[in-house]
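Shared chain: subunit A. Partners: subunit B in the first complex, subunit C in the second.
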Partner chain A sequence: MEKLVQLSLNGLMAGAVLAVPAIGLTMIYAVLRFVNFSVAAHMAVGAYAGYMLNVWTGLPAPIAIVGAFISAGGVGIATDHLALRPMRGYSALTIAIASIALNVMIESAIRFGFGGRPRDYAIPLRRDWTFGFLHVGPQQIDNFGIAVIAMIILFLFLALTFTGKAMRAVADNPMLADSKGIDPDRMARLAVGIGMGLAGIGGMLVGLDTSIDPLVGFRAILSVFAAAVVGGLGSIPGAVVGGIAIGLAEELSLLAMPATYKSVVGFLAILVVLTLRPQGLLGARA
Partner chain B sequence: MSNYLIAMATYGAIYAILALGLNVMWGMAGMVNLGIVGFYGFGAYISALLTVKAHAPIALGFAAAMAGTALMAALVTLGITRLRDDYLAIVTLGFAEAVRIVAENEIWLTRGTDGVSGIPQPLKSLLGADFNLAYLVFCLVILAIVLFVLERVRRSPFGRVLRAIREDPQVAAFAGKDVLKFKVKAFAIGGTLAGLAGALYAHYSSYIVPEIYVPLLTIYIFLALTAGGIGNNFGAVIGAFVVVFFLESTRFLVGVIPWLTAEQLAALREFFVGFGLLAILMLRPRVEGEGTKR
Partner chain C sequence: MQKRTLVTRRAALITGAASIAAPFVTTTPGFGQTGPIKIAGLVSLTGSGSPFGPNSKLAHQAVVDQVNAAGGLLGRKIEYIAEDDQTNAEAGVRAARKLIDADKVQAIMSVWASAVGSAVLPLCWESKVMLLGISAADSIAEMPHHGYFVRTQPHTELQAKEFGRFILAQGGKNIYLTMPQTPFTETVFKTIRATVEPKGVKVASMIIDGKKTSFRSEIDEVMRTNPDMFMMGGYLAENIVMSKDIFRANYKGKIFGFAYGITPAFIEGAGKEASEGIYGVAEPSPAGGSSAYAKLKALVKKDTLDTYICQAYDHANLVILAMAKAKDPTGTGVRDNIRKIANNDDAMKVDNALDGLKAIADGKEIKYAGASGPCKFSDIGNIIEVAFRTTQVKDGKLVEVKS
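This part shows the complex of A and B:
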């Protein structure tokens, strides 16, 4: 029982972190209608940008993560403009494969510059907090807090600002939005920028928990996809629910399976959801 | 040097069979398998374990590898081929990762990251030093058979239905074709070929480890197929040999560009693999096997 509560707590916090890049993926999908596999590489871009700010210039991690958002978002807009935008109009599958090629290019570029060895952030070593039988790492709490704040800012942006509403309109009905004078290209750039920026935050959060290397995003990508698919591809609240569901499932799987099988949980979750409820928990269409 | 060239040609033939398998799924039926490396590894492990642990004859290992991957491919697609194609891409990517993780962790069966060694090489004791050349000929003969059969399939009524499904599944269904059944069959055929390639590799190198079966290998096969022309069987074969040639020839650059480390060169090579795939997809807007431009 104690273990169950502990694992659920871990799962909740890991799930919130997972939800951030999953929102990025689902948001880009909602506006552009293709699965952008290069989310993995942009997670790494954010992780390394945050690393440079944190370790080289000495900024504390919670501030460096803003840099992770900006640089991953910037790289996202630039690479999308150069590599994927010329392909709009082709089948979603072709663009998805192009995004895999892009992913390989970005990850290789990072490996070229930084090498493949794991690197650690400069974060103070802190003792775990103990509440009765529960153990919580302060870094876990920090990451959870950063993830929640990022999501709250995003929801406020989407709910309250004109641009946010316009973006939801494009996601909902591109033709109608177009006829209302919303510039689809501008919305696409914005979705890619914010989406990849969120991926960058997610990459740095994952890195803060462990260490970073060029494949830091790729290793997490199956869980990120699982979160987005379980919640319903294209639904932002779905990505949050999906992220927490996958986080919980991965942690609770430790009760039955060795830890090395954690990343298979996401794959199984995708299979189960696609078989039973293809549109995902909160998705509208399959 | 000639030994090196023989080895390269053997890898080329094995990659060509993988590219042909991908072509059945993607080129002919329009389904993307991002986990082809998983089926390749699955087949390799089936044949390796059967021949090493159960001392089964090599021919049985090959047969089981092909049957096993065919079955697995059918299972993976059965539940989800009704859904949109990008879901299949995600699921197959996950499948490949699952195969690698199982191979890494079920140590009692696969010996984990140590890998399976001592996989029997056919007629090795008889052939001795000539084994490598003989095995290359063996691979080329199998490649020729596969190519011949697939060309027949492509022109058969079955191949035509696959093309119809690729162009528009709804119209094919309206014409009375059981789309799901055709898709599962196409995937099983592609899976069979990946399993065959896996067994060919295992009994050639005599040693397999999970780290061989990384997603990058899938990218190589995608590059081979797109370079040769999606939907084109002969192109897939040529593309596979070109990709192996590119990957191997760039190895010799280590001495030529002294200011780059080996790791940086490897990164550069992967960068150009990605760039090549992207450029080909961009420059070939509408080739056979591609979704219609909307």
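This part shows the complex of A and C:
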């Protein structure tokens, strides 16, 4: 029982961090209708931007994370404009494949600039807090809090602002939104910027807990993609639910199978959801 | 009316003879091959092996430049080509295919990761290209490689026995072993158990998924057994994450890992607090007092050398000297002659390619003794004699310690 509770706590913490880039992935899908796998590289962009601000200029990590959002979002808009926008008329599969190529290019560019060795943020390494039989890391709590704040800001933006509502309208029915004078191109750029910005936050959160290298996002992308699919591609609340579900499933899998097969959980979740409920737990476009 | 094509008996004979001769025209050394002799380094410039690959390339190039400056090998220049295997089997195979099929190299040197060595070796023996590896998995030398493989890194079983010795020397009673899935994980666990369990040491083990970004739950599992020694047997990236997670979990016992995963890059990534006190075990000790070691230091202008740059230096010297001994700059020439210049203890000792080439030209038998050690090989290509050293992180620096 104690083991079950501890694993669930670990899963909840990991899932909240996973949900942030998963929201980015699903948001871009909702507006542009293709899976942009370069989310992985944009996680790395955010992680390195945050590293520069935190280590090179001495900014505290919570402020550097804003820089991670802006940088990854900016790079996302630029790379989408240069590499993926000219392919808008092609099939979703073609653009998704192009996004994989884009991902490799961005990761290679980071490796060219920073090298391949892992780097550490300028934050103190703190021991876990213990509550009875449970323990949790202060950094895990920080990351959980940042992830929750980012999600709340996004939900408020989408629910209360005109631009947020316009973006949801484009995601729901682009032609109708166009007829109401909403510029779909502008909304697409905004969706890519916010989506990749969230990926950048996710990359920095992973790095704060571990370390960063050019593949920091690549290692997480399967779980991120699985979270988006499980929640329902295109559904932002679904990405949150999916992220936590995958986080919990990966950690709880240790009760039933060897740790070496942890990555299988993501594949298994995608397989089960696509077979039994292709629209995901919350359905698309919530 | 259809035009008939007449094939005369003479034309048929010429065509047939040409077909039979064609393979020999393209492969026989010295016949139509007056260009440079091509040898390659398949090194890890990116990925887990990236702390070591650039130095391997540096050592290879330095030896080749030295020999070329002195007139080359068998009257020809040597051309050195380096490819990055990305510490990844798939990328390694692509790079090896390019080296073998497009560049036509005769030897590939200093493949680091076992997964890459395992994947590339079949391409080498099928193409009669010699592979000189660092890759340690026992299974590699056990492949049917027809002699086209030797390695200077002690194979896994030897390393695992060294881990067993280290655990006993440190007084371990209850140990926990973790490693990612690799071609040698099972061998390491099995050999350590066989070494320490008869002495009453309790052993638990776990194979982790090295691709994950956190190992908190795995560390929880380790902590439940309350071990007095913990083996963090991963490569650089997973060791960094694991060392932080076990520090956070307030573990107080001894932590040790493969020396290739406990490096200055590890200390930088994990930070001073999480890395402090961790042991690096089973590092083949370079022949620090040897003349070859001193020559390599001068050649690459470095004050200290790790085992991998020493092994890379030895690989380049061994390939060149074996080709010279064979008077045949091919993979087969290296295969058939490498033990003649490496295992012959009674012959004249040489510690670099230039002296060796001169001695061979004078008709003398030679024994190459390298910067990484004596460089003697068994029938299946394993290194025979090896000395290990143990390092420990102290005040943020790696220092050699007695164990």
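Basically, the second predicted complex is superposed on the first by the 283 of 286 C-alpha atoms of A that agree within 3 Å, B and C clash if a C-alpha of one lies under 4 Å from a C-alpha of the other, contacts with A are read in each partner's own complex, and residues count from 1 in each chain.
We adopt the following convention: contacts are C-beta pairs under 8 Å (C-beta built on N, C-alpha and C of every residue); 3 or more make two chains touch, one makes a residue touch a chain.
Remember, it's a predicted structure, so these values are computed and weren't measured experimentally.
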item: Fit-or-clash call for subunit B and subunit C when the two complexes are aligned on subunit A; value: clash
item: Partner chain in contact with A:275 - subunit B first, subunit C second, else both or neither; value: first
item: Subunit B versus subunit C as contact partner of A:7, first or second or both or neither; value: second
item: Contacts of A:146 with subunit B and subunit C, given as first, second, both or neither; value: neither
item: Subunit B versus subunit C as contact partner of A:111, first or second or both or neither; value: both
item: Partner chain in contact with A:258 - subunit B first, subunit C second, else both or neither; value: both
item: First (subunit B), second (subunit C), both or neither touched by A:225; value: first
item: Touched partner set for A:98, first subunit B, second subunit C, both or neither; value: first
item: Touched partner set for A:89, first subunit B, second subunit C, both or neither; value: first
item: Touched partner set for A:267, first subunit B, second subunit C, both or neither; value: first
item: Stretch of subunit C, among 1-9, 19-27 or 181-189, that runs into subunit B once the two complexes are superposed; value: 181-189
item: Residues of subunit A at both interfaces, subunit B in one complex, subunit C in the other; value: 111, 115-116, 258, 260-261, 263
item: List of subunit A residues in touch with subunit B within their complex; value: 34-35, 83, 86-87, 89-94, 96-98, 100-105, 107-109, 111-112, 115-116, 218, 222, 225-226, 229, 258, 260-261, 263-264, 266-267, 270-271, 274-275, 278, 286
item: Residues of subunit B touching subunit A in the complex; value: 30, 32, 34, 79-80, 82-87, 89-91, 93-95, 97-98, 101-102, 104-105, 215-216, 219, 222, 261, 263-264, 266-268, 270-271, 273-275, 277-278, 281-282, 285, 290-294
item: In the complex, subunit C residues that touch subunit A; value: 45-47, 50-51, 180-181, 206-209, 211-214, 216-218, 220-221, 224, 236-237, 240-241, 244, 247-250, 265, 268-271, 273-274
item: Subunit A residues touching subunit C - in the complex, by the definition given at the top; value: 3, 6-7, 10, 14, 111, 115-120, 125-128, 135, 137, 139-140, 206, 209-211, 213, 215-216, 219-220, 250-251, 254, 258-263
